[in-house]
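For reference, the structures are reproduced in the following blocks.
Look at the two complexes coming up: chain A is in both, with chain B in one and chain C in the other.
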Partner chain A sequence: MKVTFPHMGNTHIPIKALLHKLKLEVIPPPPVTKRTLELGIKYSPEYACMPLKINVGNFIEAIEKGANTVVMAGGWGPCRFGYYAQVERDILHDLGYKFDMVVLEAPDFKFSELFNQVRSLAKNVSLYEGLKAVNFAWHKLNAVEVLEKKLEYLLPRVINKREIEKIYDEGLITIDKCDSKIELKSIVNEYMNKMEGLSLNNAQILKIGLIGEIYTILEPSTNYDIIRHLGRLNVEITRSIYTSDWVNDHLLGSKIKKSNRKHILTAANPYLDYWVGGHGWETIGFAVDFAQRGFNGLIQIGPLTCMPEIVAHQILGRVSNEENIPTMTLYFDEHSGQAGISTRIEAFVDMLKRKNFACTNEYVEKGVVNCSIT
Partner chain B sequence: MAKIGIPHSLFYYYHYPLWKTFFEILGVTVITSPPTNRLIINKGLNLAVDEACFPIKVYFGHVEELCKEDIDYIFLPRMVSIEKKGYICPKFMGLPNMIKAALPNLPPVIDITIDLSKTDKKLKSDVIKIGQLFTDDNKLIKRALVAATNEFYLCRSLTKQGYSMSEAIKVWAGEEVNFSKANDLTICLLGHGYSLYDEAISLNVINKLRNLGVRVVLPEYLERKKVEEYAATVPKRVFWTLGRKMVGSALYSEKNPEIDGIIYLACFGCGPDSLIGEIIERKVKEKPFMLLTIDEHTGEGGFMTRIEAFCDMLKRRREIIYEGNFSTYG
Partner chain C sequence: MQYYLGVDIGSVSSNFVLLDEKLKLQEKVYMRTNGNPVEAIKKGYYKISNNMTSDKLIRGVGCTGSGRTLASILLGADIVKNEITAHGIAASYLYPGVRTIIEIGGQDSKLIILKDEVIQDFAMNTVCAAGTGSFIDQQAARLNIPISDFGDTAATSSQAVRIAGRCGVFAESDMIHKQQMGYPVSDILMGLCEALVRNYLNNLGKGKKIEAPIVFQGGVAANKGIKLAFEKILKMPVDVPEYYNVMGAVGVAILAKEAVSKSGKTNFRGHNFIQTGDFASNSFECKGCPNYCEVAMIKRDGKVLAYSGDKCGKWETTLHNLAVV
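Up next is the complex of A and B:
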């Protein structure tokens, strides 16, 4: 059994570790490229949302590399994601690819179904080994996230932005290769020190909250690497979604670490008081939370036609007015052009800089703000 | 006497008789917005975000139109689920909040949450709470609810005579509705009721087909039990109520010898439709199937051409029945 799974940002590192420790042969799909998306677009329904198209591309490329079992998550709605696996299987089978699909989802009728699904994957390991594998993957996930957060904080602050991105990329590769928990700690420390050792600039830093749909936030190839793009413009990004929080809240029952989910949903209440599937409710909750924490602006991102994000988008205008925070919404699909996206992001950042940093001579001289427009 | 406004849109086409009867027994006057017209559509387009689907945009227009009337309450139910373990769509779940965000000066809103996904007990108590806004007589409220449910089923039973839901509501209200009973061809027309039965959204596709001599079979006309049976044949239960009805109806129509072809009317940007259309297209292989996508830019000419071509193709196909018949899926 050669197992593969869909990409979602850096989650391939912990997932690979987990499957590997379950003594499965893992063939991760190649990184998402233009070809991946093109394959997906060619075979997927026209106005399905973008993650489905990338999934299809991922699976085709992984099967080409020899995978014969696809592990996919599922769900019971109302978001479309719950039906992804079914449509993807039909598409790939109709194309003539031969593979098995294991869909991990909370069961409709019997809990034993989920147990059987997991069991069918982890045939060769004992329960103890299984738990150890989950533990190791959890630690890897956290290691990756520590680096991600460090990059989000430091990228706007360092002078040599190319250098820090290089260190970060190397760090991820080293974590991916690492095979023991003790080694993991020293790797994280090593790369943290390297990143912190770079010299800092003294620019004014904008704080922008990135809210929206989980896949577009986590997967840089769908959002044109918006986090780094903003970082290079001296903007510190805080995301509404970090994978470890999601895993903690939804898979581990908020047992491993403290969850602020309740607080977020309460914050959303005056604007949206009902669950709308996907991450729509959280988007509004985080928008209010970020506004109250004094962020300078918000950017909402999602795939085109994403239903929960459309609900949030409609309400975000009211949040923006009443909480007094500028917002921008970007939808991504296969036609989004890099230049257009850059222009909109840069214009938004310029607007925020002008709004937040007083037009004093000091800043004009430093080039932080440009006040020449009358 | 209190006046309550109900938008002439979305679940109006399924539940209007129910709410009208309920409120009128309680002594409340029910006021609806006019049927969708270009003015209402334009209002909706201005209010809603661009990415929302067409019927949702139209709903915004209806609510704004209703606000002009002299009403004491506006009725905007939150449709989460109308059956166990099934949902409508995320947009419906957030609709009252979307409306409130776009239209800040609404009259008092009655937003009851209709969620039968787990239990129906909560719904009954919620409906009684709404009734208590207008009367203290709990017995009257319960009687009104029973009567309303009966009227709802009565109206729905009219669809078995070939009426569409919007026509059934007219007949139920005492109007006379005539339509051509020609049955040269029989086509199963699928789609979400709120787009199919709204003559402005669907570009009056039902009557266009009837005028071409087609007997139109709508999802409500098909036998419920059979539809469910066929819907259960897909590997995973479809968790959108309307979507599952579409899959079941399409698969049932494929096996039903009376029906010559299937047309699916989808709205651009509709989440469930994007996957349901795909599933039906891949499963229905023995009968011609056409997917029509509509939005606010749909031109009537192009639409008409496709329908006519489809009907001509069905007629020609019927005449040439031998092994060299063209396959229906290319």
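Up next is the complex of A and C:
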């Protein structure tokens, strides 16, 4: 059995580690590139969202490399993602690809369900080995996230942006290759030190909260690499979604670490008190939470035609007015013109800078403004 | 005299202005880009600098518009800014206290909301052409009316016909239907103006509070019919600045002055650099990874000035002669 799975940001690192420790042969899909997207667009329904298109592209490229089993997440509720696994299987079978698909349904609150699903995948692994595999993957996930958060914090603050991105990319590759928990610790320390060793600028840093749909937030190839793009403009990004929080809340029953999910949903309450599918509820909750924590602005992102985010988008205007925080929404699909998106991002950042940092423009200061230009 | 040069290279038009030390407009050039921005930048610069004796006179350069990076490479800019900021700066300089800016250009349109001279919110439309100048261009061509007469003819109408403006193609079939029915041309033109305005407000105005004073700028502001349609639908007066079609360039020239007063010197490459060089642009496919980015490069007399278009920054960072935002 040669197993593959869909890409979603850096999650391939812990997923690969998990499957590997379950004694499965793993063939991760190659990194998402233009070809991945082209394959996905060619074989997917046009009105499906970006995640489905990239999944299809990932699976085709992984099967080309020899994978014969695809592990895919399931789901339920208003978001279409719940039946993507089935749709993708049909599309690929119709195209003549031979493979088995294992669908892991999100158990929500029942750890034993997930455990049984994983058990069925890994037949020649003892219970002890299984638990060890989950534990190792969890540690890898956390190691990845420590670096992610460090980059989000430091990228706007360092002078040499290119250098820190290089260190970070290298760090991820090293974590991916690592095979023991002890080594993992020293790798994280090593790369944290490298990143922290870079000299800092003294620019004023804007804080923007990134909210919206999980896949678009986690996968840089679907969001125009927005976190780095903003970081290079001296903006510190905090995401509403970190994979470890999601795993903790949805797969491990909030038992591994403290969860702020209740707090977030309570924060959403005055605006939205119902689950609307996907992460629409969380989007509103985090919008309120970020506003109350004094963030300078919010950017909501999602794939074009994403229903839960459309619902949240409509409510976000009211949150923006009442919590007094500027917001901007960007939807992404394969047609997203880069120039248009980068203009919007730059204009939004400019707007926040002029709003928040003492305006040094002589022409704006009251009294100096004079009216004639002729 | 010392000047600040503002350059706005758009998809349809390229605009150049010279502001003096007191930010008064001294010269302006409005011309078509004609799909060749390099040529447009050379020509526009030639036209606007014609009356100057020495390039020493230019103390700062600012670039905006979709061709802003290219312009900054050719001219050596002190500041490169997006159009939204540039338009906001120009309007709030000319009209202190302005609350709403309507900007409609050839291929996109913008709505900018300000308070106390600071941009509070904006929307930009690049998805649908029915709310932009090209929609008017198309329909004028279809009706055989020169675009310069469009607005004046529309303004004579007393009873605009209703034309569906959601989509440019459907608007056209609707318009043909109204023609066949025998409605006068002026009423049909005014109907088109109102259709564009409704499309604009549906697209960009959603959830935004449009308040007076309102300033209407961009190439389409030349069209009296559109101005009247905005006033009719919004029930508020709409101002069109005297230099409505070069406001982006004015804004970025103001920003150039600000940038130079901070840095103390200009990056302007000088008269000879732009006038005597032989500029060529071409592109190649980078095979470094499966992304196959199309990398564009600009050369002057065979020497590469800048690369752009690579996702990873591998080429862009090989040269450090770009004025960064």
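Heads up, the rule we're going with is that the second predicted complex is superposed on the first by the 347 of 374 C-alpha atoms of A that agree within 3 Å, B and C clash if a C-alpha of one lies under 4 Å from a C-alpha of the other, contacts with A are read in each partner's own complex, and residues count from 1 in each chain.
As a working rule, a residue touches a chain if its C-beta (ideal position, glycine included) is under 8 Å from a C-beta of that chain, and two chains touch if they have at least 3 such contacts.
On a predicted model such as this, the values are computed, not experimentally measured, just so you know.
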For A:Leu233, decide between first (touching chain B), second (touching chain C), both and neither. second
Pick one for A:Gly317: touches chain B only (first), chain C only (second), both, or neither. both
Of chain B and chain C, which one contacts the greater number of residues in chain A? B
Once the shared chain is lined up, is A:Thr33 touching chain B (first), chain C (second), both, or neither of them? second
Looking at A:Gly277 after the superposition, I want to know if it touches chain B, chain C, both of them or none. Which is it: first, second, both, neither? first
Using the superposition on chain A described above, determine whether A:Glu46 touches chain B (first), chain C (second), both, or neither. first
Taking the stated contact definition, name every residue in chain A that is touched by chain B in one complex and by chain C in the other, in rising order. 317
Would you mind writing out the residues of chain A in touch with chain C in their complex? 30-31, 33-35, 162, 225, 233, 317, 326, 337, 339-340, 343-344, 346-348, 350-351, 354-355, 359-364, 369, 371-374
Per the touch rule above, chain A residues touching chain B in the complex are 45-49, 74, 76-80, 82-83, 85-87, 90-91, 94, 108, 271-278, 280, 304-308, 310-315, 317-318, 331
Mind listing the chain B positions that touch chain A in their complex? 48-49, 51-52, 78, 80, 85, 87-91, 93-95, 97-98, 100-102, 104, 113, 234-240, 268-269, 271-272, 274-275, 277-279, 282, 293
What residues of chain C sit close enough to touch chain A in their complex? 19, 23-25, 66, 81-85, 89, 92-96, 108, 117-122, 124, 126, 207, 242-243, 250, 254, 258, 289-292, 311, 313, 317, 325
